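First chain A sits with chain B, and in the next complex the same chain sits with chain C.
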Partner chain A sequence: MNVILWYVLWGIASLQGMAVVYLVTCKILANKRAGKGKAKYEEALPFFLEYFMTGDPSARLAIKELRLGHEVSEKILMDYLKNIRSGDMERVQELAADLLSSKYKKELDSRKWSGRINALYAIEKLKLDSCRGLLLKKLDTGKELLSEENIQTMKALASLNEQCLFDVMLENDMPERVLEELLMRYDLQHMEESIRMAESTDNKTFRRAVLRMIANKGLHAGFMFAEQQLQSPDSETRLRALQAYSSMNYMVDPDKISPFLTSPVWQERMYAARICGKLKLERFKPDLSRLIADRVWWVRYHAGEAISRLKDGDVVLRYLAEEHEDRFARDMARQWAASGGGIE
Partner chain B sequence: MNVFTEERSLANIQKLHFIIVDDDPLVRAVLEKSFLKIDFGKDIAVIVHSFQDGVEFLESDWYDPDDKYLLLLDGIMPKMDGIEVLLRVRTDYPDRNIVVSMLSARSGEGNIIQALEKGADDYMLKPFNVPEVMARMERMAKRMLL
Partner chain C sequence: MESFIFYLTIGITVYMAAISISYILFFLLAAKKVHREKDMNRETYFDDVKDSQRAYPVSIIVPAYNEETGVTSTVRSLLSMDYPEFEVVVVDDGSTDLTADRMIQAFRMSEIRVAMRTFIKTKEIVSVYRSEVFGNVTLVRKKNGGKADALNAGINASRYSYFCAMDGDSILESDALLKTMKPIIESNGNVVVTGGSVRIANGCKISKSKVEEIGLPRQPVVIMQIIEYFRSFLIGRISLSHMNLLLIISGAFGVFNKELVVKAGGYNVNTMGEDMELVVRIHRLLKEEKSKQRIEYIPDPVCWTEAPGTMRILHRQRVRWQRGLAETLLIHKDMMFNPKYKGVGMVSLPYYLLVELLSGVVEAIAYVIVILGMLFDFVNMDIALFMLGVTILYGSLISSLSILLEEWTFHKYPKASHLLILYFWALTESFWYRPLLLAARLQGLFTVFTKKKSWGEMSRKGISAD
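Moving on, here comes the complex of A and B:
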């Protein structure tokens, strides 16, 4: 019995020993690979930078002659994009197409989902135009439209300013958030085009997504469209229009804002109050003094903030803090008065 | 540490040091390359140093009271972060010949205010635009050299 136990223990110990040897060997090899990669990175970096910063063709030639692995080239290009907001994006894209497009084209056909997704992310980040055809072929407008991989394919195409995608967005029932994420990837010229499309479409979700894009980008070209949408019969669309309106520092027609200060929808009252403060619409001081007593905390909060931004806002807030008949309004006024309201 | 110097022969030359402290070799290389192109005329020698972390920088023999310094500190670094390096510089060295700018990916209002309160003269965000960083640093250098 003792002998059997001894053999079992001995077997376990040797298995553990083998596992340790295996892990240590793997670690040593990984460290070696990482060290080689780092050395290659450091060797190649000056040539990449020379090319990005000066466009020197001999630097580009030198990079090719270095015969770097895809990993090193990809790391340098990604690190550059991560750190530098560059006007010379064209050079980065050219080099990326030269060095990496064959790799990504192959990976797009990979059987591994993670490999395909990583390739899609990289294509989007590096804006690899040479992969456009493959992406269009890969795009599924059928039942897989909203699968993660297909959404990432659309994002990559949007980053390449692919116009066909607008038809997909207009003709399909896609969530507003996905549409917004796609629209945000286009360049300014195409964003303006999407505004023109939103003006003529019946697709409410697309229209709302365009309004969200205008809000996020503070896009001045969308001002007129946002103004029109304030009259929309759809309350969600009106809300997005107010959001867009409040994100732009354009002077608005106060008459367009006033109906929202008495809206039955609290979000509309809140955004209207925000716009009054942001654009210092003095004539709405009485409305804001009323809204500081609103039944919804957010409306009260933004009304208080808006008053604090107006001329003599601190005086009004102090008065409201003492004299308003509503206890919650007095509290809110006190809070904004204490935070230095009216200083601006 | 890397040092790049433009050799000048005049004895009464004023030395202007650009010091980059950043753990990212790509950022260091881009900035070194760009700073070396700055020219303040024949009476000022531009010297560019770069360090991969705050500890290496503070332990080096970088300071000479007769020279002028422009420090560009990364906000997020291993061992010692940019704010800590800034605090040490502002505590241990005089203000008059050292200008400090932060170059950080921390974009929160709180981070920016904290850095300015602790003695930073400027705060720039990553990802950065190289000509913009150059223009700001050049402007601060000129103000210090006046």
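Moving on, here comes the complex of A and C:
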């Protein structure tokens, strides 16, 4: 019995020993690798920069001759991408395709989840068109549609402006947020196309996602669509349309906004108030003075903000701060009169 | 008498074995996740959230009580955060030192009039200030009511739908919000609370409120806490979060859905473990509403905090933690072993009761038996030595496995010598650190029924060099 107990002890102690040897060896090797990688990075960076700036083929040749590991090339490209303007993308993409696409193609088939995910993110960032075929092959429209990996595959495809992804979005029941994430990755031309699709589809979620995209991008092309959707029988869609309206700087027909100032849905009243302020719709001053006493704090807040943006808004606010019969309205008016902004 | 001691010893042995097995199971669960993400390019992975139009804005609430040494450096570190839209709300909970003055001076703040909502009742708000330089920095001065009350006031004063609660003396990594908000943003509202790993800043070189160089402190008592944090965050929390059974989001850093917290009633001002208590209450709410929403933990280190540098202060801190844990379990005793609350009622709460709370009592009984047994010769020395060996080696094995997980994922400690030092001290844990903390764990347990409550002040040197 005693012998067995001591074997157990030795077993645990050996495990400990192995763990520490493994840890220290890994650390030393990793530090060496990192040191070498850093030196190569510094050596190669000027050639990359020269190629990006001038497009000089000799710099590109020099990069190839350096025989950098994928890791170093990827780091330089990613670091560079963080700081560039979109116009400079072409050379980065070309070089990335040359240096890294074979690696990513292999990694997309890797058994390691982290390898596949890394490749998907990199393909998206670097917009590697050469991987499109593999991504389409990998895309799962079945039960894995919304897995993290599949969503990232779709994001990568969207960044490559893949047209057939629209069918996947329209035909499947996908969350609005995911649809929005995908739509936002397309270029302008494809975004406009998505608006046309939204006009003719019955898929409410897709329509709402398109409205969110219009709101985020402030898309001029989406203005008419957003205006149509203000009449939608679906209150969520109307809200997205109002959201899109409030984030665009175009003059709207005030008659289209006025029903929302008395809507039973507080979010509609709030967005309507915001639009009044943003577009300086003076004729709604009385409505805003009423909404500053709304039962919902957010409506009061945006009504106060809207009044502060109107002509003579400060005078109106000072008057409301003194004379309004509602205590909460007086508080809100006082806040906007004093600071022009406050705690929301 | 002899048979009583025999059965007691058997009971303790079975209990210890069960705990040991649970630790190994937790490690295996955590290792699976960590191994899966081991080689992931975390920078690119989290970069995705940066797009300002899609990231939800966040209000960072910093409750502060007598934090004149560290509060401005904390706020400065927050202002350099890499996140599209956020605000900082510092709540001065009736400090008796110069906390508010330091803030007003450092950020050129002036008093403003506000129409503040009262989601949760708090002690009286005295005044509100806003920075003239940084429009997103607000200071709320209120009458003293404790940390939970200060957090509630911060919730009332916050602007956005998500808030991040943190300690006044902590320093956040610049990508902390990017990392913790990613699960919330990508889950489409399904994740309602997130937390990240808290790391110990003692021994690190910190300048301009940023961790410049990671190092180890000299005091063994702090090194042991570093190992403890690894174990707790990288083994315990990863595995519990994996099963949606996480009961603690550290008070030093956590992001919450404001609407849900308000619905749950905000922070409980009557407990010392307000962070844990809130998370348990949120679990209760979600289960009662049959909601599928999740509380998630990301293992990435997001927050650096100053750990107690002496046994005396550590003792006080642990008394507070233990008392907070006991209070939370007492408040939610009806959830314990209640199948209605699924895993939380059947696994996590019993785990926290039997392992985290009561293990101190069992350990104390075991020490007494061993000592008396040696004195009165009723313990088999071979078995006693074996048990001692197992305890030491097993305890340090778990610690070294947590060091392994850290090295697989974040490898924050740059030198091999750091790992050796950590490993060496991990081996010594059972000889001095655990027995010393045992007193605090017992004291914390038995002070649950006393009414004394405080912010748990800790003399701080301040962790930033400038």
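Rule of thumb we're sticking to: the second predicted complex is superposed on the first by the 310 of 344 C-alpha atoms of A that agree within 3 Å, B and C clash if a C-alpha of one lies under 4 Å from a C-alpha of the other, contacts with A are read in each partner's own complex, and residues count from 1 in each chain.
Quick note on the criterion: contacts are C-beta pairs under 8 Å (C-beta built on N, C-alpha and C of every residue); 3 or more make two chains touch, one makes a residue touch a chain.
Owing to the predicted nature of the structure, the values given are computational and were not obtained by experimental measurement.
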Touching partner for A:L145 - first (chain B), second (chain C), both, neither: neither
Which superposed partner A:Y80 touches (first chain B, second chain C, both, neither): first
Partner chain in contact with A:M53 - chain B first, chain C second, else both or neither: first
Touched partner set for A:L45, first chain B, second chain C, both or neither: first
Most chain A residues touched (candidates chain B, chain C): C
Chain A residues contacted in one complex by chain B, in the other by chain C: none
Residues of chain A that touch chain C when the two form their complex: 2, 5-6, 8-9, 12-13, 15-16, 19-20, 22-24, 26-28, 30-31, 78, 112-115, 117-118, 121-122, 125, 148, 151, 175-178, 180-181, 184, 216-217, 297, 300-301, 328, 331-332, 334-335, 338-339, 341-344
Of all residues in chain A, those that touch chain B in their complex: 41-42, 45-46, 49, 53, 76, 79-87
Chain C to chain A touching residues, read off their complex: 36-41, 43-45, 47-48, 51, 53-54, 112-117, 128, 130, 135, 138, 157-160, 185-186, 188-189, 382-383, 386, 389-390, 393-394, 396-397, 400-401, 403-404, 407, 411, 414-416, 419-420, 423, 427
Chain B to chain A touching residues, read off their complex: 24-27, 29-30, 33-34, 126-131
